[in-house]
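The two complexes that follow have subunit A in common; it is paired with subunit B in the first and with subunit C in the second.
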Partner chain A sequence: MEPTTIGRRRVRGARRRRAAWLGWLFAAPALLMYATFVLRPLLLTVQYSFYDWNGVTASTWVGLDNYRQLLTDPDLFASIVHAFELIVFFSLLPVVLGLVIAATIRGIATSRLALVARTVLFLPQVIPLVAAGIMWSWLLSSTGLANELFSAVGLDSVTRAWLGDFDTALPAVGVIGAWVLVGLCTLLLLAGMSKIDPALYEAARMDGAGALREFFAITLPGLRQEIGVCVTVTVIAALASFDIVYIATQGGPGNSTMVPGLEIYYLAFSEREVGMASALAVALVILVLVCVLPIQRLTRDGSR
Partner chain B sequence: MIADRREALVGRVLLVVLMAVTVLPFVSLFVTALHPSGTYPSGLAWPDHPQWSNFADAFRAANMGKLLLSSTLIVLGVVPAALLLGTMAGFAFGHLRMPGHRAGFLLFVLGLTLPFEGIITPLYYQVRDMGLLNTRWAIILPLIGLFMPFSVLWMRAHFVTMPDDLSEAARIDGARTWQLFWRVHVPLARPAISSLAILLFLWTWNQFLLAIVLVDDSTKRTMAGALGAFQGQWGTDIPLLCAGALLILTPTLAVFVVFQRRFVAALLQGSIKG
Partner chain C sequence: MSLRKARRPLLTAIAIAGLVAGAACSAPGSDSGTAPGNTGAAPATAPTCGAQPITMKAYFETGFPLPKRLTDEFTKQFPNVKWDIREDQFAVITQNAPRVLADDPPDLMRLPQVSELAKDGLLKNLDGYAQAFGWTSWPASQLQQMRVNANGQRGDGPLYAMGLNFSMTGIFYNKKLATRIGLTQPPATLAEFDTLLKKAKDAGLVPVNQFNGGGTGGLAFPLQNLMSAYGEPGPINDWIFQKPGATIATPANLQATQHLERWVKAGYFAPDLNSLDYATMMSRFIGGKSVFIFDGDWESGNLDKQMAGNAGFFLMPPAQPGGKRAAMSAPLTYGISTKAANADCAAFFLNWVATNRQARDIAVEVGGSHPMGPAGAYMPAVKQGTVTAGTLEAGATIGKDNGAMDFIANATGAIYAKSWTPQLQKLAAGQQTPDALLKTVQQDYEKQIKG
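And then the complex of A and B:
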């Protein structure tokens, strides 16, 4: 017995050593591209954020000044606040609506109508966000469909150019995001519900639980992981929003829909404040991590 | 039973409403595109004389032929390369599991939530210094890098589930690691690779930020980037803009309809793993 184990161990040791450099050889091309086009720029972003630089002439070291300005300049800080306001529309609304819809259609999830719906609800995920922005800018314009519908039900008083009004522009952008994401959330949650044991629902019915009790006692806990996924995806979409805002409002009117992604773009490429743009970029990267990591921990720990 | 039937009915109604809300913007876009160029049509009114020629005008104005070619070239530059590199690294981290594989993998996971805006500024200067600004390479090379975290994660998740015996058996036959990878593992990984291919195609085709920052000439951009330029140029002519937007949507919609089932499955899995 003994010699064979030793022999095997030796073979395994040699194999592991060979596998070591082979393994890294396999991973090397991916690492190279990732390091060159992601990690290097990321480190440079951090470096730039400590400088005042217009992108052309020599840069000057300013330490944490850019970050200080980020927290004190009302316009810059407002962009971060807007990103959080968008979470209400990009995350909260789609996830809550998705839950309600998925719970309601659970009973008919295998019907032909639901199969058609699977395709239709995915359309907003497939098209470029830019196209969604163009469609909705038109729908929400002063002569668009939204206003026509409001007029039809006698609400002429609320009609306006939704994306051009200081009070409604940000929520209007949020509605576009909600439209894009609600189908995805519904389908993800529905897929999660199909994994819940139907016997649980039958048992609940036997005990005389109503639809509401059923939802809170069985559906919601069973969907922990899927809800986590929906929230993660949509929160990132909200904080890092760019395409929709760029097309629909360009940050306006005034500064009312300015978001960090767009502000970085303007600062870096039109105002030539590379240092400030980089500081905002670092803040954005950290904000996304700070928001996403706890969600991951909360929703995944239970299942592991 | 009666309660069940009523629930099913409510469900159907809700589903139809949701589908209507999803489709309505597309319908509005289509109807508007048929109105005479330069007018401001209201709502969903069907035009008296549908201007089908708007589509031809938009096709010319947007330079659609060139755009299609450009987007296709970019996709061909990004997707196969990203698939190959992602699969190789996924194989290393998921199957070969060399010493240090955990740390290496973690490095990729770090990049998973990174918003593209986070690196776009230095990326611009880097691409400029490489002399690639205003070429398609300016979009292709960074996108390959940016897709690595997801691709590696996706492929590793596949290779982790493959039994170890598979390699042992192949090694006894004297197959070397590359052949093992290419002849045994890649064919077995085909479903995972094709789902990843669909996702990468979509994300490349719809990429906007890199296109508008790194390439000025809209005929060298992705479809989404070109649409941005088209809006800037024709933004005041609503019917023409709508016709152009529809044309630019058509290729993705066509691909989606053809590969529907794979698409939905890939997108659902994609968000779960991502």
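And then the complex of A and C:
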């Protein structure tokens, strides 16, 4: 990035210019890959979204028709609502739990238990999402561990096929997502905590602050950036969720867990409406940006 | 990195991407799908695989041993033919079919619903082969589902695919459990079947463990069986074949859907119906945890092995005594890409599967279903009392009653995943009425055909 900045500030000076070009030369391979595999598909998706196309034969230009249909189809709208409901499970739960767990682990930082806890909590991140989805669909099945535990404590009345019930399928999918993401958040927040100046804690303790006060007065403000990263990553995971839902419920029962990512996939590969699928994809990108950019601004500005 | 600093490289990158994408700036897709000469003219002599070494490119469905056993036997008889086989799950094949047929054309491929593929010019017109090999003299119903006219409607027009055998669906039952509810011979009417379901429920058994979870609405099996009990298969086929003006929301179908709703409300299906997948259904049935399941004869061979002597099969009984019987029956569809390099050899193979003795033996033993081919052709001997014998016999009844129907899930490429499955799951959960279910499916159907 450096040569560009210089090149921008001082346009004159042949040596500087040569340096700038040299910089571009070094960046070229990466840039080319990025352009080919990220920007090009992105632009093509935008292009496809203006066509009615089945993916194989000739396409027809339809202008903004796909977008118009997007705004009027109640099924598509419902899937976007589901994605927002998932934010509770994918973002709120992991970040809050992550904070609590990270603070606890930090309290026992020197013991062996902390290392074990960190490893165990991060494990879900290492497991492929597909495997996590399959494992959880067993745990949540009518004869799964979840129901056995409920029966064991006399709660037979709540046992059910969690992923096959209209009321519980979406929360059940959310729990899987929370389980996957809580480890990531914990680790990020732990790293952030280790950056906070210990002198601050000492000072607080001298002023007579308790653990709770310490947490809210020092830890939480000090973690502003890390929390920002956690929220950003998990909100994107919620809005663009696909793998977990596809494995656990495939959008069922009765579309109660349908999310935009899955809808795009069905539109493109089962209904063969590549144009419509592209339009929804573009809308999803915009939706993610609209949600994530304010979070970025909110958590960045304060730290400067 | 602030936004201002980032702007210039970002613009440059976009410009580069624009250049890279430049070639694709024209409208996506092309008309090249239809290769010239896909007219289905009959060749002068019946095609063969020749005598030169040849490698056939094939794309099969994972989990079903039949095609592999057939190609092995074929290579034994015609050693110059080798097979290069790629396998995927059916859902993957369904999603890949258009692209694979267009970009990486196999000589022989397991196909999903063919109407859109044929309309897009991706499948070879097999009329010429049908004439050369004499497929035209086979019972017309065997090939009807694979004929597609110029508008993409099935049922008539040129032949675009061929079956390895044709399957039959109905009701499988556990013989040991059946004796506990007094089932000694198949029910003759729907009312008798209702009584059996009730007896099973009262005896504390799970009457039916039917899959209906995730993306697979398995209640479509009993629903279509009930549709044929209340009505005729003809109008159902018209709907599936996309005949103009056809509707699924008929009075007979409404009665059928209401009947299904009564079964759901009476608790005849497992309580975790909406999270049951196909594999779980099979393992529960084989494990003796279900009296009945609605399924097809592709499981006959499997059940004869895993529940030897303990599994039985009957067709859905009619609503009225002495009424005709109907069943979903469909060929195990394989097609040839328009751009296939060895189309002649693929056609020769398909003909061999239907006419060769060993091939017909394999079709029954491994596939469990009736082979394709002329009416009086050789049939392998099947042990009496097996499920396979039961399903083959049922096939004869269906032939006599002219009761073969395609599956309502095959009406359009997306009707099963996007319409039947969510609607049937809602019905199972008591969140949809029979009337609204049929009307919604009809709406989706019309939208999908138009789109």
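In the analysis below, the second predicted complex is superposed on the first by the 289 of 304 C-alpha atoms of A that agree within 3 Å, B and C clash if a C-alpha of one lies under 4 Å from a C-alpha of the other, contacts with A are read in each partner's own complex, and residues count from 1 in each chain.
Here, contacts are C-beta pairs under 8 Å (C-beta built on N, C-alpha and C of every residue); 3 or more make two chains touch, one makes a residue touch a chain.
Keep in mind the model is a prediction, meaning the values are calculated, not measured.
Of the two partner chains placed around the shared chain by superposition, neither subunit B nor subunit C is touched by A:Phe150. Judged by the touch definition given at the top, the superposed model places A:Leu44 against both subunit B and subunit C. Of the two partner chains, subunit B and subunit C are each touched by A:Phe269.
By the touch criterion defined above, A:Gly251 reaches subunit C but does not reach subunit B.
Contact with subunit C, but none with subunit B, is seen for A:Asn54 once the two complexes are overlaid on the shared chain.
Using the contact criterion defined above for the overlaid structures, shared-chain residue A:Leu31 touches subunit B and also reaches subunit C. Taking subunit A as the reference chain, the count of touched residues is higher for B when subunit B and subunit C are set side by side. By the touch criterion stated above, A:Phe166 is placed in contact with subunit C alone, subunit B being left untouched. Contacts of A:Phe215 after superposition: neither subunit B nor subunit C is touched.
Of the two partner chains placed by the overlay, neither subunit B nor subunit C lies in contact with A:Tyr67. Across the two superposed structures, the residue set of subunit A contacted by subunit B and also by subunit C is 27, 31, 34-36, 39-40, 42, 44, 48, 55, 269, 274. Those residues of subunit C whose C-beta lies close enough to touch subunit A in the complex are 1, 5, 8-9, 12-14, 16-18, 20-21, 24-25, 27-31, 33, 94-95, 98-99, 102, 116, 120-122, 212-216, 271-276, 413-414, 417-418, 421-423, 425-426, 428-429, 431-432, 448, 451. Put simply, subunit A touches subunit B in their complex at residues 16, 19-24, 26-27, 29-31, 33-42, 44-45, 48, 55, 101, 104-108, 111, 113-114, 116-132, 134-136, 138-139, 143-145, 147-149, 179, 182-184, 186-188, 191, 211, 226, 229-230, 233, 236, 239-240, 242-243, 246-247, 260-261, 264-265, 268-269, 274, 277-278, 281-282, 284-285, 288-289, 292. Interface of subunit B with subunit A (complex): residues 4, 7-8, 10-12, 14-16, 18-19, 21-26, 28-29, 32, 40-44, 84-86, 88-89, 91-93, 96-101, 104, 107-108, 111, 113-126, 141-142, 144-146, 148-149, 151-152, 177, 181, 202, 205-206, 208-209, 212-213, 223-224, 227-228, 231, 238, 241-242, 245, 248-249, 252-253, 256-257, 260, 263-264, 267-268, 271-272, 274.
Per the touch definition, subunit A reaches subunit C in the complex via residues 1, 4-5, 8, 27, 31-32, 34-36, 39-40, 42-44, 47-48, 51-59, 61, 141-142, 160-166, 249-255, 266, 269-274.
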